[in-house]
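Here the chain labels run A, B, C and D in written order, and each chain numbers its own residues starting at 1.
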Amino acid sequence: MPGHSHLFVPGPTTLPDRILRAMHRASEDHRSSAFPEFVKPLLTDLARLFRTERGEVALFHASGTGGWEIALTNTLAPGAQLLLPCAGQFAVLWGESARKLGYQVETFDDLAWGEAPPVDRIAGRLAEDSAHVIAAVLVVHNETSTGVTADLARVRAAMNRTGHPALLMIDGVSSIGSLEYRHDDWGVDVAITGSQKGLMLPAGLALLALSQKALARASAGGSPRAYFDLAAMLTANRAGYFPYTPSIPMLYGLRESLDMLLAEGLDAVSQRHRRLADGVRSAVQGWGLSRCCLDDHATSDTVTTILVPGSLDARRVIARAFTRYDLALGGGLGPLAGRAFRIGHLGDLNEGMLLGALALVEMCLIEEGMPLTAGSGVAAAERRWLEVPG
Amino acid sequence: MPGHSHLFVPGPTTLPDRILRAMHRASEDHRSSAFPEFVKPLLTDLARLFRTERGEVALFHASGTGGWEIALTNTLAPGAQLLLPCAGQFAVLWGESARKLGYQVETFDDLAWGEAPPVDRIAGRLAEDSAHVIAAVLVVHNETSTGVTADLARVRAAMNRTGHPALLMIDGVSSIGSLEYRHDDWGVDVAITGSQKGLMLPAGLALLALSQKALARASAGGSPRAYFDLAAMLTANRAGYFPYTPSIPMLYGLRESLDMLLAEGLDAVSQRHRRLADGVRSAVQGWGLSRCCLDDHATSDTVTTILVPGSLDARRVIARAFTRYDLALGGGLGPLAGRAFRIGHLGDLNEGMLLGALALVEMCLIEEGMPLTAGSGVAAAERRWLEVPG
Amino acid sequence: MPGHSHLFVPGPTTLPDRILRAMHRASEDHRSSAFPEFVKPLLTDLARLFRTERGEVALFHASGTGGWEIALTNTLAPGAQLLLPCAGQFAVLWGESARKLGYQVETFDDLAWGEAPPVDRIAGRLAEDSAHVIAAVLVVHNETSTGVTADLARVRAAMNRTGHPALLMIDGVSSIGSLEYRHDDWGVDVAITGSQKGLMLPAGLALLALSQKALARASAGGSPRAYFDLAAMLTANRAGYFPYTPSIPMLYGLRESLDMLLAEGLDAVSQRHRRLADGVRSAVQGWGLSRCCLDDHATSDTVTTILVPGSLDARRVIARAFTRYDLALGGGLGPLAGRAFRIGHLGDLNEGMLLGALALVEMCLIEEGMPLTAGSGVAAAERRWLEVPG
Amino acid sequence: MPGHSHLFVPGPTTLPDRILRAMHRASEDHRSSAFPEFVKPLLTDLARLFRTERGEVALFHASGTGGWEIALTNTLAPGAQLLLPCAGQFAVLWGESARKLGYQVETFDDLAWGEAPPVDRIAGRLAEDSAHVIAAVLVVHNETSTGVTADLARVRAAMNRTGHPALLMIDGVSSIGSLEYRHDDWGVDVAITGSQKGLMLPAGLALLALSQKALARASAGGSPRAYFDLAAMLTANRAGYFPYTPSIPMLYGLRESLDMLLAEGLDAVSQRHRRLADGVRSAVQGWGLSRCCLDDHATSDTVTTILVPGSLDARRVIARAFTRYDLALGGGLGPLAGRAFRIGHLGDLNEGMLLGALALVEMCLIEEGMPLTAGSGVAAAERRWLEVPG
């Protein structure tokens, strides 16, 4: 199809030309004497992305879902008990992974999709657990299926009030590098992200930050693991190497990504995401549609899940967008299949790109029979951005 | 700036990823025994682009303006007299080139910018020229400064009616590869294009098609020329080579470009440009602005020149678009400076890209003080495209 | 440093321009309706690489060492007992991985590095194991540390003679895609390779082929696993998808790699590797040095491990090659550190590239004090290739 | 064919990865307000390449042969008389270009190919020309057909001694960016180079440096020209623009090329070329062959023209190298066709690349029947480089 495609799924995100260029590199010897000069500052800057000075970072060749496993097997004894509030698909999947690995997972099954992780219930459950059986609390920082962002600082504060020693592990796959994230300040023990969202890279790297408390548990015990063993990775990393052959293009891509994000400034990055998300939310309002997220304070600045009227099948909107206009939208996951579509608005993005996507979305909604005024969403987004110039 | 830039000048046009990839190639020996296997079909397919079977094509390493000179010096005796209707900047510049080279140029100086080349006056002038002093009629097929397309078939028919032997030379820089162009059917003698517009390549190639009549004049005479000598080029080309080192990336890029255009089909390409241009024209109407083109039948499907109200300086709109939204628009040229801006809509383009650009344009117009309804242009373009699905 | 670098470690290998170009692609939606049209033939052609029609293939985002774990955890019950002859570093490391995961590993500890896996001892050990306690025999097909290739057909035949039901799992990381490999014919149950050797890609994919017998064990049981769970992967793959976001560049790179290998022909590929390896072995002989491989029938066609005289430290040769001539050689691993260097000769390679590397090696040997005739190795390689034209 | 190709023609040269990456860029608006920030320092650094502070530089979109025409038409009156010593193909071709453009060319027709431009005869001829009819002396700095480098400082000194006002124009296509070149110090008036040799770019740019004297002649007169008009180019350049659409990839490639050359240092660059050329010359001696260059002081460090014995057809050697080993060698030009082959050793090159090429050359010579000891050339090159470490 003529022209470039419009990629508005919430990951993988659009690859900036700079990153594609940086990845277009000859292979090289990852055991050479020169390699550590490249690797060491890369890891230092990765720690800046997580905003950790007290913790350590690691990167593994795996998807973000591999990161879930790395977090669990390195820090938890076999069969450990976990608390994981589930109100979205990625929480569900993390829970499934944990069960496959033999852990016991408690999930607050009565949460509605679209709710944020319930801070008080987490605290309440920990307070009950006077035997400290619960080894870790798992929270999805930004639930990509519903467009809901958890308030991690509040979660940690509530945990602290109970005096419970459980680790706080978070899935930051669709937040870190886009939304505000403060590993040390927020007292997170294990944070996981993937390369294909805010980092603007292809999938293939699971990146983690770990607190000293998490690291201590990893050295003392954990569950059986080999490829995902943190100790071997950290030992090699400290010398500037990897325990196995790394992907040269991904490392150079990560170098470029960190250069871009740190040059823009992490605060500026999250403000840009806020601004762009505001435009999308205005458009949704302009269309007269509602968002899945039930609490405006928890609305996500990286992905918006949009509910369609009962008369419409969101899958048809998505299919038309893809085949007719080369626009990729995210589908409704789990119980939202057919009832919602998702717009990812994270990574290397600007107003013009988003306005083009919003215009296409409204054309597709009209073509699928929704009684919508052409231009209503785009106009609302424009007005929003004109009111608050970036 | 985050996100990709929005390039809507009427050339250079957006480079498709496929073409950039094709151009990312190791250098190679252009005198090898294998090279002709690559060059010969390339030239054959280039002839298909011009829709010529009876003529020949040639490509030179120069910009499209170099093509003007190639056309002139190869076919005209020193000091020859030319007829070139001037109602736009590129006609003016071609005339200046011709004068620098020592030719005499007659231009119908009373034409208004925005008029199409006046077929009847051309015919009338030729009819007067019973001594056949006029050696060639020069027509800009698509005047990029005003957004006006000449009717070449009518020009040729009118010339034929006079029985005058003048050559018909046309500048197809912003038309060929985008608009309908039929070298043989329309009886054009020399057609010139550049690589950076409809061909979706970087600048750097001047591509020409020549009728047998033009070729006969080139072998018989012409003016002094060396680098631009057609005879040397055609001799080398016929053997599958070039008289000097060609640009390997540009040739592979051209290969990919022709593959793309011929796979889509030249008719489909020009229909797509018509459809996209219709959307732009609807948006202009939606904004309540007028176009420079004075005759709707001559409106260009590759570039639209938009007049702004006297209260606005178009240069400020363009500057804001560029610095604030990473949107490049074309400026008003010559007498239109400050009074007009131009949107290029040619090459590798689709609705989503154009809708994003139109939305940005309306934001800039509003920010520069024009009393415009946000979304009015985008809505009009959407409605147009919804009415006539592509 | 001027000029391109000379990468002669046994992986990662030189990335062909074609593959780098193929990997330079915009991101795309891996859940689109079009994606299976790309994924399904990719997996079909991957099966052709393994030469399996009866088995199934899978690819995971992990390094080749991750492949070791995939093979084990999917097919073996917790604590299972394994037989893994160790006469080189990669056998040792696979064994360590297995032990970390809780399996019991028997290794024939008296094998000398440079020996091939002892077929008769394997068979003898299985024959003794009348209780069928041994769940799998693990063999490194091509031991990258010593330059020794196992005879898998003979291993399987010997195993068959014992009637023992143990699985045969092989590490083909530095063989598959370069050396002859026949999954079905040789009766291998699980074969593992990585992307960064014969496949000429960056590291990051673990690729496996599994027999029906192995697949049956995977569905029936295995050990706890989540990210590496074969069932989830195969279910998604059969529909043309992945259970998590795949790396778009790696998949397009794999597409190109398979196109290249299958177009050349797998037999031609292994013959080319044989021919190039013959030249390297001639050069080693020309230098008066010996190879680590103790049995000429087991000599590897992808990597040559070269022993240096006691007076020389191989690490200094390697360091000089890297810093002075931009030539990357493999180091001696484990007990061979300082005593040997390795030349990788696999992947996208030809005589000219190898001759350049051999010439640099002899310059470094001389500069490090070895009494060597300049040109002696290169001359021997040339003579070898002149005698047996490719 | 597997492996990368070996490009040893004397241009186009191997494109470094860095340059290919830099050229892989989205198109952009060459009339934007930001463009001059890129163009102005580019031209400043281009002047550093020519080592001119008193002169000006310009770049045109054309091949190096276009540069010949730019030099002539901008500075010479129609029909002007030129002195151009011809002892090689590129001098012959420059002369032909000049004659096509209507100039009169005197060439010292009795020079043998392989001779350097005869300084004393040039001076003698100018001394005779008391009427100052000769408008310019044209010298090919490095004659790519014979492998001979002119001594420009001596030419200028001899010209100065005669007090003759003729301009000194030089063709530096295969020297500038590789060999020492000092525009101001040597008193050159017009120097021409192309992008595809020492600058390590694709063909497509003609780059020139002009003295104030040459610039004065250009403003005062010259011959008819349009595309190649220096005044229009310099006016646009001074503002940071171009008079027509430039090639964005070529400009970014040039930026990278100048960064590479200036970072290495122009002196280091020419010393590297000297060192590498010494190795090639040693190899030729090792093979018992002779070079076309008749004077060792004038031997070229960028290209070596090697004469083969009468029993051999050099074309067969070249054909075999190309079809059998993917090695591109330069052919014998003009009277040297079949009698010589050429090795280009300029641009982005190192010892390992050159040793590989030399080894392939000796294999081809042997295969074509020359009684040569395998390894003799490579050994000689190695010894040379071992004696004089770089």
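Operating definition for what follows: contacts are C-beta pairs under 8 Å (C-beta built on N, C-alpha and C of every residue); 3 or more make two chains touch, one makes a residue touch a chain.
This one's a predicted model, so the numbers in the text were calculated from it and none came from an experiment.
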Contact-richer chain pair (by C-beta pairs counted) among B-D and C-D: B-D
Farthest-lying chain, centroid of Cα atoms versus that of chain B: C
Chain B-chain D separation of Cα centroids, rounded to whole Å: 35
Gap in Å, rounded to a whole number, between the CA centres of chain D and chain A: 54
Whole-Å gap separating chain C and chain D, where each centre is the average of the chain's CA atoms: 46
Shared interface positions of chain B, touching two or more other chains: 4, 14, 17, 20, 24-26
In the complex, chain B residues that touch chain C: 17, 20-22, 24-26
Chain A - residues contacting chain C, complex: 4-5, 7, 9, 11-15, 20, 23-34, 61-66, 68-69, 96-98, 100-102, 194, 196, 202-204, 224-229, 243-250, 319, 322-323, 328, 331
Residues of chain A touching chain B in the complex: 1-4, 6, 14, 16-17, 24, 264, 272, 325-327, 348-357, 359-360, 362-363, 366-367, 373-376, 378-380, 382-383, 385-386, 389
